[in-house]
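When the chains are written out, they are named A, B, C and D in that same order, and each has its own residue count from 1.
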């Protein structure tokens, strides 16, 4: 089975398993796990932030950011197809008590002027704008890279209105590698950032949030409330260290594979690639095949390839470490056969 | 001063003051106030619902509806310029813990197909759709009437997906009078409804929510939590009874005045009426005057007419009982002079 | 029927009805109601605070105080039988997201040392102590006066730990009159305070919260979210003004009546007054009559006297303006007959 | 350094590290991780519940239980020194919006009659009692075992009032081993239960919640919102399996060590053991030494033994797998030297 559902399905590498086996550990609730501290320090350096914190998932990192930046009665501006809005179970309203105000994006990029218009004033009828969230790469826009220019323009608007910015950078490594630049090129334009270790980088579990020291201190407490204060966390931080130090550059292979996949699919009658393939995601409209996305996925699964639905007629393919170039070509053969 | 800011500025009539003076009262927390019970019964009949409850404001009525229909972690679908989303301080997220998902409207009407697409499925990543809110007339769309047809189509989608519908009918009386039909023509297509007594109907304070008996029982408790459980509430229910029984039909005058105002403004250079004037609201784009809405309002106020800003270049005028036809004509003279 | 259930059942006096009839009103959401402003100014003076705000009920005032002082994740210290904890539907946890930590009182007074021990430290496992609430007079302790000395000691502990204090003074007027001192004697030892106009003072509706200017500005917004932003509120503020200016001193009559009632009941076989009757409340243990409180109340109601249950074997009687000395004596006769 | 601060400091055994290394994994968000499924099945069998769910911590398990059982506006009854109330950052109020009502325990056991009195009725002023939480063993009561008889009596009261019961069984294994009975002896008297794998059982990370199938389905979604939906979770579930299958019985050693420690401390002048040592926790009053708990702990730490403060004059020692009998004896020597 060639699993192109998500880069989350990556399994830990042999080196990661070895690292888990040998991990030096301590009780992280007492801040005594040396491995997770090394991971947090490396992450804060790579992300250009004062401090960083290990969390168990991207959702947890994003939720902590909202809980720390905002208070109940605030409003959060975010892209209308963003993960925080679309895929986190409405948790930011359930837990942080904030209202979501969505901005339509163009390939994941929000228009800074629309953001400025959406920032609330001082009226007694209106919630206070507490946070702006950017997602990069943007999942539902097909792994689209939000340019540093766009992030800069949004950050300037935000700063002018004293509203903080949080970056959901679950796949920020993909953006940086595909743009051939450092993470800081992007993170300089955000107050806080969340990055995932368990997607393209292949770690079994975990994400990082980074930001100012004071933010991380408060975030640590919200993490505890969410049940993310763990004990001998070095066991999962150890593969995270490998993810950060050894697995970033190779993402370019995944991007190359996605381009091969997109080209191949583009030449199939009845299938249309609907995103610019910036990174490792290919979105395909299957309606030309007279099939719904779910019907298409089922046939594909029978043929030995897994993908996920991204709407009634759109299917998402995601390339990652566990799928080789040869498997991409096999997948294309199967796709062709439907 | 001719006050066209809002129909909320209406002051109680002499008959209402007389009614307050004579009101038979009791302690409504013990359900012993006969006047408020009469008001609630009359309202439930007019609205075609099993039961009704007096609340202190439209915002309170809407909040109670959301708290009663939903639970934390749910998502609410509502028009992107609706009062509940725009003007209630983000309270539905702060108090009920629900996420707002906005649908763009056309003159206040949401497309039932867009609503259907926005209703969430069973995925573990997604909040459950807990409520659909309709606003009629739609304030920010310029007092636009949402047709019974549109409400019916939305209600059918909602019912098919077992999602309840709440109607923010703060100005539903205007919709009914302007459509020359009964309130029930609209309320048959909603599970619960909120109507305001203190806008066009001229009561000093109060709104009504109506719905199934069980809903009202639960709503009564949420009202208590919000601090809306009052004592000798007959004092303000008495003018509410007059509002419901004597003040509805005369709203046609306000609508007539709004049309006069809109026609007059339409012939002024540099001003453009931007809404279809269905009821008592006129939205005017003042950018042709090279003025922002706030600059225009200030000049107008100096001249003796009050209005409110509805965005950087749009001004809202609202007609009501306390502004006579002659005052409308005076207002036009002042507007002309800017 | 002699209604001794609560002082909330007081009905507006003739002067209050007259005041409603003549009230000068405006739209208070625009801060243009002159009568409510007069009421708020008088209240802030009497309470010795910078500013004050009219709210629709004691519950609403208390909820606003918690929402304004605290943020979600905080803990509030309050007496274990206090109104905010016992009778407000768990609203402070539902709306403000705060945890309640109760302290047992002695006749309504909490031990300042116990409060100090309960204030949380800096540990990552613990909520931050966000507020201490005092209730005076204390309802479930039988209208017990919390002494200024006790309030001072609590305030000092609170201030030393930078925790604000809120006073639920729903019946603070009773405490002041019975202590023969001004309200400020008590309110000097609290940051914010809520007082009810609709209990012993006889107004039909309403309470006041008072505190620093900045607190009131923020409170006004939370009031709006709760649906307590009203329109022509002068209609109910007018009787409130009479309540504050004309009805306070006469509370001594109610206290006198309560003492007569308590003495009379004390001499009945099988009945025992279980509270020190500081003000207008008498708590009676009826178990000597081999009756539950509810059985006793039912018999009493048949005889023409109303009271409420305060636990399985305790009945509460509350004296107020609408019950004369003669009616107290009649009530005693009925009580004797059971 | 002999670390007696907590049994959470236990480090994974060699077998656990080996298990991590070899763990068969999959993406658990897609329910495809075979190891975590094996763990959940074994746990549900041992706990006698229909289904079980892996969570990242005891706090997360407890929070999920409250979020699943309750809705905002409910009240939860729990022991006044319980972990959920004392050590979870007020999270159940912040996230689930429930009010905490505490019951004083006797060695961790709540009086079922007090619980029955605390269950709320149908009054509009009162929150609905949504859940009763029991903690076994009870941490702050010194690892006290709550007897199955007490749990049964509480469960019967709860069931009679249709209120569910949740057991915070972070150290339930200790209770079972010390009582020489199965876990089911206790869990038969609760609807849902949380047990920790990372305390005495030595797993690096994780807890289990168990209950009815429908409960677990809903719990899974709340876990996702809290950020506890992980990917290749088999890596940490593998040591959890060893914890459950190989590490339970040996807890009797820890209990034996605690008894040795308690006896030794009991004979030291100025130190007093203040708990009945049911399991692996010893609480010591150090005030006879004219030291605060923190001063005592610092001296002890200099001598090579770690413990934690449990109040101004009480110190907690916890025995566990990583402290041998010989180390206990060394610790006693150090303690004697202070």
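In this section, a residue touches a chain if its C-beta (ideal position, glycine included) is under 8 Å from a C-beta of that chain, and two chains touch if they have at least 3 such contacts.
Protein names from UniProt, one per chain: A, B, C, D = Threonine aldolase.
Nothing here was measured: the structure is a model prediction, and the numbers come from that model.
Asks: Over half of the interface residue numbers used by both chain B and chain C, so same, or under half, so different?
Replies: Counting which numbers both chains contribute, over half are shared, so the two copies meet through the same residues.
Asks: Give the rotation angle, in degrees and rounded to the nearest 5, that superposes the C-alpha atoms of chain A onto those of its identical copy chain D.
Replies: Answer in degrees: 180, to the nearest 5.
Asks: Can you check how far apart chain B and chain C are, centre to centre, with Cα atoms defining each centre and the answer in Å?
Replies: Spacing between the chain centres: roughly 34 Å.
Asks: Report the inter-chain centroid distance for chain A and chain B in whole angstrom, where each centroid is the mean of the CA atoms.
Replies: 41
Asks: Report the inter-centroid distance (CA atoms only) between chain A and chain C in whole Å.
Replies: Centre separation, chain A to chain C: 52 Å.
Asks: Give me the residues of chain B that touch two or more other chains.
Replies: Within chain B, residues 29, 72-73, 88-91, 94-95, 97, 124-125, 221, 224-225, 229 contact more than one other chain.
Asks: How about chain B: which of its residues touch chain A in the complex?
Replies: By the definition above, chain B touches chain A via 72-75, 85-95, 97-102, 124-127.
Asks: If you look only at chain B, which of its residues touch chain C in the complex?
Replies: It comes out as residues 5-6, 8-12, 17-18, 20-22, 25-27, 29-30, 55-61, 63-64, 88-91, 94-95, 198, 204-205, 221, 224-236, 239.
Asks: Applying the document's contact rule, which stretches of chain D touch chain B when the two form their complex?
Replies: Residue positions touching the partner: 29, 71-73, 96-97, 124-125, 220-222, 224-225, 229.
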